[in-house]
Amino acid sequence: MDPQTSSQLEERLAKVKLFLCDVDGVLTDASLFVGLEGEYKCFNILDGLGLVTLRDHGVRVGWISSRPSPATTARASQLKVDFLYQEKGSKVDAVEKILAETGFEWEEVCYVGDDIVDLGPIDRAGVGVAVANAVPEAKALARYVTRVGGGKGAVREVVELILKAQGKWESVIAFHTGRSEK
Amino acid sequence: MDPQTSSQLEERLAKVKLFLCDVDGVLTDASLFVGLEGEYKCFNILDGLGLVTLRDHGVRVGWISSRPSPATTARASQLKVDFLYQEKGSKVDAVEKILAETGFEWEEVCYVGDDIVDLGPIDRAGVGVAVANAVPEAKALARYVTRVGGGKGAVREVVELILKAQGKWESVIAFHTGRSEK
Amino acid sequence: MDPQTSSQLEERLAKVKLFLCDVDGVLTDASLFVGLEGEYKCFNILDGLGLVTLRDHGVRVGWISSRPSPATTARASQLKVDFLYQEKGSKVDAVEKILAETGFEWEEVCYVGDDIVDLGPIDRAGVGVAVANAVPEAKALARYVTRVGGGKGAVREVVELILKAQGKWESVIAFHTGRSEK
Amino acid sequence: MDPQTSSQLEERLAKVKLFLCDVDGVLTDASLFVGLEGEYKCFNILDGLGLVTLRDHGVRVGWISSRPSPATTARASQLKVDFLYQEKGSKVDAVEKILAETGFEWEEVCYVGDDIVDLGPIDRAGVGVAVANAVPEAKALARYVTRVGGGKGAVREVVELILKAQGKWESVIAFHTGRSEK
């Protein structure tokens, strides 16, 4: 990324008030564990702590999947995610429902996706992001491509970019380093 | 691949009407998760969306395993796969039953495999494919070897090759990018 | 490996009548999936087909773990493994019980291990093998170190070495390639 | 590491009487498998044998997580870990409770962590360790960064460093190699 692009990206990250992402391939590496007892998905603890920290600092969080799964519901509930959509249909429409409900604009949205069903929201969001393992069509539309893959901390990477651009990251670190002096 | 081979491959891909593949090592990375509650297999969401898209565009889909597993049955049912064989015995015979039932010919079949039990159908199919992690004997017989491994999107890779060779991929992308304008 | 060592190894492989291996780190990559419903282990389908093929060609198969696990018992039962030891205590003693029962000698044993508890049998077996991910102490004692890691096909690799050294591999391949002509 | 640093590290390792570590990202690779039946974590057998061997040689062992999980409780119970903390709140405070209970000092503690919630104890421990996959802020504070990642044997690596610095490793190896001569 050249410096100018980078500063433009930072300006856009500074405006983010709503963090939305796809689930499979973004919060996971696209693996789906299937057996007689139903299905499991492999989430990442770093992403979880990142999303909780982001919400604690005033950014709302939502997940948008086009495939309903009890595994997704369970993890969203653990992390107290603000919005959860798991229906077939247009993801652009799903985001627009959240915008209508919250009063936010597309340019205040950061959206992270990996596959062709994410092309619409990546194209429209203020900060459209494709994960490292995304299809080429998603990377071509994205303003940022993560260094690590989905399920390996890609969401955490974007969360830190937002918190840094909004000047909130240093206090997070200071808090955790000095916790016994509180 | 040199250009001539590539155009021959494309001609063969254009004729595919039946997509068949092995399960373990192709739709998974050959991992099998075993515990007291039975077994789990790790499928890939990209493969799933690929197979559904392929069926939506007129290619029929079947899985041929020589090892019965409730995990395979569960995933096949989620994806509404047209044919599912899970019996010990010759995979060539299994394919020929499907050909007899559907009226398709071997040259209209794309078959993807990884291990020695797949040698027969890889050798006979119009487009015999070995995944990146296949045994050398399978790669030697295959017309195409995938770039990514089984369970990592190998089936999705072949699905996209078919849809591109049949001139159907561009409309898939256009549909997903423009979904809110519908 | 220089040619002389290689031909010595082949001579030793040709004499193998009993294939024994550790479980965790050899048939798996040392991962253990733990939850409220008990534990899962991640086995490899290629290893499974390899062990079944080896037994079909007259080599007996056993697993020796020093940690009892229902996951191991379930997979051993699927593959109809001849011997299964899962007790704390010396693995050398466990092998010697099998030798006493079967009448085989240490030099007819191929043993595959990865960790310090495997040092004894790796040292004594006709063909002591360490997997690619084994501790350095195990590799130092082994006559062969696998190219791929435990759970990634290491056991399959050794099985093929044995079948090739015993002149049985070509007929396995011929059988699977020509299956519909039977 | 230059020789001087290395000998300083060895001196510190020689004093360790209490081995403490985080769970997610250290004993696992930060993966969390979530489904309807609860959650699974992927531990490593090498770490398990390492921790048991460490306890057998007089070093006490504890795990400190800020996220309660039945998967963690189950694995801690299998390994008979001496201390298990799984509460929200300061990890420095958790360590200090253990120090008060046992009479050990911070300089006798080896603490292994990966994320921002581990910064406090990594900073204060006699031997603060960050795993290979740790966040940069943790690596910056650590006296040692492991070569392998969390869940891939990082804890085993540190355990061996301690046992070697305390002159106990050679007898472990001799015991396992010669087990049938006992």
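Order as written gives the chain letters A, B, C and D; numbering starts at 1 within each chain.
Just so we're on the same page, a contact is a pair of C-beta atoms (placed from the backbone, for glycine too) under 8 Å apart; a residue touches a chain by one contact, two chains touch by 3 or more.
Remember, it's a predicted structure, so these values are computed and weren't measured experimentally.
**Q** Spell out the chains that contact chain A while also contacting chain B.
**A** Touching chain A as well as chain B, we find no chain at all.
**Q** Note whether the interface between chain B and chain C is symmetric in residue numbering, meaning over half of all numbers used appear on both sides, and answer same or different.
**A** Different, since under half the interface numbering is common to both chains.
**Q** Determine how many degrees of rotation, between 0 and 180 and to the nearest 5, align the Cα atoms of chain A with the equivalent atoms in chain D.
**A** 90
**Q** What whole-number Å value describes the gap between the mean CA coordinates of chain B and chain C?
**A** 31
**Q** I'd like the Å distance between the centres of chain B and chain D, where a centre is the mean of that chain's Cα atoms.
**A** 44
**Q** If I count partner chains per residue in chain C, which residues reach a count of at least 2?
**A** Residues 33, 37, 40.
**Q** With chains as vertices joined when they touch, what's the shape: line, ring, star, complete or other?
**A** Chain contacts: single closed ring, each chain with exactly two partners.
**Q** What are all the chain pairs that meet the touch criterion?
**A** A-B, A-D, B-C, C-D
**Q** What residues on chain A touch chain B, complex-wise?
**A** 24-25, 28, 30-37, 40, 67, 90-93, 96, 115-117, 119-120, 123-124, 135, 137, 141
**Q** Provide the residue numbers of chain D that touch chain C in the complex, in ascending order.
**A** The touching residues are 33, 37-46, 48-49, 70-71, 74-75, 78, 151, 153, 172-173, 176-180, 182.
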